[in-house]
Amino acid sequence: MSHTWMIAGGWLAAGLTIFIFSFLYKDNPFFKIAEHLYLGAGMGWWFQVYLYSIWIPKVADPLRAHQWAVLVPAVLGVSLVTQFFPKISWVSRYGFTFLMGYGAGLAIPTMLSTNFMSQIYGCIQPFTDVSHMTRLGMLNSLIVAVGTIAVLFYFFFSVENKGAVKKISNIGIYFLMAYFGTTFGNTVMARFSLLYGRFDELYSYSGANYFYATQVLLAGMVAYFLVHGLLAKKKPEGGAAN
Amino acid sequence: MLKKTLELLFNIDRRWLFLLLALSIFIPIVRPLGLPNKNISADVRHVYEKMNSLPPGSFILLSLDYDPSTRPELHPQAMALVRQAFERNLRVGVVTFIPGSTGLIDEVFSTLSKQYNKVYGKDYVIFPYEPNIVAVLTQMASNLYGIYDKDKYGNEAASLPVMKGITNYKDMGLVVDVTGTSSIDIWVQYAGDKYNVPLAAGVTAISQPSYGPYLQTGQLKGLIGGMKGAADYETLLNAPGKGTSGIDALNLAHILVVVLIVFSNLGLFLVKYL
Amino acid sequence: MKNNRIVCGLFTLFLAAAPVLAAKPAGHAKPVSRPAAKASPAPRTVGLVAEDMPYDVGGALLLRWPVNPADDSGTSYRVYISSQEKGGWLQGTEFPASANKGTDIDLPFWAWDGSASEHALRLDLNGLFGDASPGTVYRVKVSVLQNGAEVAESEVKTARAYGNWFRLDRLNNLVMLIIIVIVFFLAVSHAKRKGLFIRRIAGLDAIDEAIGRATEMGKPIYYVPGIGDMTLVSTIASTFILGEVSKKVAQYDSFIKVPHYDPIVMTVCKEVVKQSYLEAGRPDSYREDINQFISQDQFSYAASIDGMITREKPAACFFMGYFMAESLLLSEVGAASGAIQIAGTDIEYQLPFFFTSCDYTLIGEELYAAGAYLSKEPMLLSALKVQDFGKLVVMLGVSIGLVLVLLGQWQHWHSLVNFVTDIFKAN
Amino acid sequence: MKLIKKQIPFAIVFVFGMLTLVSYYVPHPKSVAFLDTVSQWENIVSSFAFLLGLFSLFYTHYAKIKKKGDGWGYSLFVFVGFLAVVVPAIVSHGRQMSGSEMTPLGWSFRYIYNTLLATMFAVLAFYIVSTAYRSFRIKSVQAMVLFVAALILILGRVPIGEILWGKALGWTGHSLSGLMNWIVDVPSVAGKRGIMIGIAVGAVVTSLKIVFGIERQYLGKD
């Protein structure tokens, strides 16, 4: 790709970024354009992923090589599309039931193993070597085991939530909250890093080598809001915020 | 009076908050504040020291497996690693196993090779993207030219001066995997454990805790985690860059979130009892 | 109460069954290791036995030979393997005499009877021969090294690796599955029985309030089923809740909008909503555009709904189903627009955002239970009972297991400790 | 008609469900090969499910343009966006790089798709700030626990947090990162485990209902 393409890309990327961020100020046509572009581009992206990773190598190529077995999933797949024709939409059941059967059959034993048995094991396992454990380590492992049981009490639906059950499930809620808190903290950091990344990129597009793309586009955006605000002064505001 | 002001503050247009965040992230990009970064993580220091202990001319292999989505955290790490390698006159080889990383790799070397007067083919080499990581890692144990017979630009890899005397893991001083995927597990399993390659890694902050076990067992010699890790590394190198300005931005933004939560809840409490 | 008795009964059954089942392979394995006993007087003879590695796809051999009491820290073993009739020896592995004991093989007690008085080694063929073709006869031998110098060599043994038909090491998983299936059918066959109890779920009582408010204000209700497809439990649960919500909406003569991410979910939801309007006696108010397809891309889906919420300012928003990063995008905009928000998802790491910005949040399994709670349909309720049974197994498993393991540690009953951990270990 | 409309589909669910279920316990190469094939089939079938979504989207926006409905102009951009990725993809045969050159697909990935995707994610940062101020309410002890855990995580991830901690609570002898690791490794593991187990049991039960044809919601009405 030539240098011109890079600069064009910089302008495009800076523009799209600013358009989307502009929603934070107020809903506007530029955001809507970016939003709809994103809708189409997202679909396009997945379309080409499927095209080059499934339809060509796994369906078309085998068919050309006379491996007719792929007709089975292909026909099942095509059956899904009958959803659009109410009269024959029942044909799509063949595809769905295949997907559901496969998914369910796979989920049952693996769920039992990783999210059920292994979690019980995980609670017990630390105690298999008490002699090498510090007092604190032991206490921590005990907290994990007791906490897990308490959380399960919270999710127990067969007993009314009162008395001792309520007390235990309340303890469970604290563990849930601790988990939510850590998740919140982690996500905060991940999102801020990403925002930093976007701003950093905008900053790099603001250089002379990109002919000040960021500044020009940003100024354009501000100008739009100013003009639009002046023209629509008398009408009540219907912005994104508040 | 106070109550009124507080109530007014609560109904503040949230766009002011947006602006506050935008400023707290944008200002450090333009002008790094250089807020103190005293507690340098031991895991980061280990990577740095391992690199420093290699004699000049040693070959290190970087596996740069991140794409634009994890760029903010991982790109500064890669930059810092290459910077140190160039400063110490180490030879650098680059491999990658995800397709989106190629543009970023070019960016690292186009900037730093000028700064340190390094020449492609003599001081560093970039190999093309390969999809099947397991196959490549296994092959590199015996003869890496079995897969990488040509470099990214189509040159005969074995004939490049940078590759002199390098055939497999045994000839490498260190392998560092900078990744936003789970490729470290594969590196540890297929290269580190099997062939005793000294391995280190750079990862995003979110995935950092899950690599603790590898550090304890020594399967990883060190670990650079997230923006903080990159900033630590830059501090060690004494070359503040995007990691440092990033951590400045994060410092401000994180404090902002905490302050907002505390402030709004305190305010609410006051409104209730005033 | 009756439930509890079943649980205890089944649990003891499981505990009792395990050793019985375990006895079989042990009996089968023992004679194999016997030939090792006919040791010759020479101290450096290796009584090697080679056989197929059991319970696997057929890519490995199992080598066993007795530990030699004369081995010291300078002793090591080197294993050779060949796929040819003559020569072609490849070095498989080399290890010190202290390693690879019978107890080191990672199989549960019912599938493996290893002792510390023998060496046992799992030899992977694929790593050595590429794709090992099935049926190949391999020759193996083991040589003994003392301080790096070869001092003795075993006889050459032959063995073949073949695919097995049952993973005995996964027996615990299978037993657990069978127990759950039995309980499942017991519960389902009793589903007709009325009056299965289910405790109150706080967030759900707010649904009426939310719909009532929407009716009063003459504003729409948004029901967002998330970005999951129909194969996900959360989406299925969401469609049940949608059925109940839309029934109430029809009764109150309010208006609901259901924006979709997945077209299949949309077709299902269309049926569900239509049915609810019919059951509420308002088929005339049903409109085709209640369900609309938005986009199959996460963020454009969220952005579009955000746009719709800001423009229409709904009175209530329901976010029920499978949500990823868009949880915050949606619920924050909803909160800003002043809607009552009720959320529910089983994606753990999105829960904090719902929890902090919505009025009520159904956490994980509560979402599954919500459909049953609202509809009181016997089939759903009985399924919930099976789920409670599963949780009971975990609670009992953890508590009893913990006590037994600690008891075993205290009394130095290592077999008890292994017994308990093996039962719950995933293989 | 009932046979092909109902019984055969349910037979399909049952047969494929049972076979994939059993294959978990059977290590034989035949079982491995079966699972391999069926997994590939599933890949193919679900790729057609994607087409359903694509058609729906196209239809909605096509109808909007045809009717000249509200904001129909924007609908045009859906097709523009689609073509902006698919045309380069076809030109570059689905590859983002050819040798050292970025292909047109690589270009449109980097400057269009990835830009839009990353910016959308980044917008979340703003909503986090606004949530923090306007809806993060510590109205109960439970919410307080959530807040404290979040606070420690948020501060523990940045150097300034450790510095503040050292000034205010350094005398306790505990470091912030130590505390952070404890929260991540101990109480939050218990919370996560409890949720996971509950979800796993729910998923197993639902899957059983699907395999045995009791759960039919996903098929809609007849």
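Just so it is clear, A, B, C and D label the chains in written order, and each chain counts residues from 1 on its own.
By our rule, a residue touches a chain if its C-beta (ideal position, glycine included) is under 8 Å from a C-beta of that chain, and two chains touch if they have at least 3 such contacts.
Just so it is clear, the model here is predicted, and its values are computed rather than measured.
Asker: Counting one step for each move to a touching chain, how far apart are chain A and chain C?
Answerer: Minimum number of steps from chain A to chain C: 1.
Asker: Which two chains have the most C-beta pairs in contact?
Answerer: The largest set of C-beta contacts joins the chains A-D.
Asker: I'd like to verify one number: the distance from the centre of chain C to the centre of chain D, where each centre is the average of its C-alpha atoms, in whole angstrom.
Answerer: 18
Asker: State, to the nearest whole Å, the distance from the C-alpha centre of chain B to the C-alpha centre of chain C.
Answerer: Chain centroid spacing, chain B to chain C, equals 33 Å.
Asker: Take the average of all CA coordinates in chain B, do the same for chain D, and state the distance between these two points in whole angstrom.
Answerer: Taking the mean C-alpha position of each chain, the two centres sit 25 Å apart.
Asker: Can you work out the whole-Å distance between the CA centroids of chain A and chain D?
Answerer: 4
Asker: Tell me, which residues of chain A touch at least two other chains?
Answerer: Within chain A, the residues that touch at least two other chains are 23-24, 32, 35-36, 38-39, 42-43, 46, 80, 83, 96, 99-100, 103-104, 108-109, 112, 114, 116, 119, 123, 145, 148, 152, 154-155, 176, 179-181, 183-184, 186-189, 192, 194-195, 197, 241-242.
Asker: Touching two or more other chains, which residues of chain C qualify?
Answerer: 170, 173, 180, 230-231, 263-264, 267, 295-296, 299, 303, 333, 336, 348, 351-353, 355-356, 363-365, 387, 390-391, 394
Asker: Two-or-more-chain contact residues of chain D, please, as numbers and ranges.
Answerer: In chain D, 24-25, 49-50, 52-55, 57, 102, 106, 109-110, 116-118, 120-121, 123-126, 128, 130, 134, 136-137, 143, 146-147, 150-151, 154, 157, 184-185, 192, 195-201, 203-204, 206-208, 218-219 touch at least two other chains.
Asker: Touching pairs of chains, all of them, please.
Answerer: A-B, A-C, A-D, B-D, C-D
Asker: Would you tell me which residues of chain D are touching chain C in their complex?
Answerer: 24-30, 32, 49-50, 52-57, 60, 116-117, 120-121, 123-124, 127-128, 130-131, 134-137, 143, 146, 150, 192, 195-209, 214-215, 217-221
Asker: Looking at the complex, which residues from chain A come into contact with chain B?
Answerer: So the residues of chain A touching chain B come out as 24-25, 186, 188-190, 192-197, 199-200, 203, 241-242.
Asker: For chain D, which residues are in contact with chain B within the complex?
Answerer: 95-97, 99-100, 102, 106, 109-110, 114, 117-118, 125-126, 128-130, 132-134, 136-138, 147, 151, 154-155, 157-163, 177, 181, 184-185
Asker: For the complex, which residues does chain A have touching chain C?
Answerer: Interface residues on the chain A side: 23, 27, 32, 35-36, 38-39, 42-43, 46, 80, 83, 89, 96, 99-100, 103-104, 108-109, 112-114, 116-121, 123-125, 127-128, 130-131, 145, 148-149, 152-161, 176, 179-181, 183-184, 186-187, 238, 240-242.
Asker: Under the stated contact criterion, what part of chain D meets chain A in this complex?
Answerer: 5, 8-10, 12-21, 24-25, 37-55, 57, 71, 74-86, 89-90, 93-94, 101-113, 115-126, 128, 142-143, 145-154, 156-157, 182-201, 203-204, 206-208, 210-211, 218-219, 222
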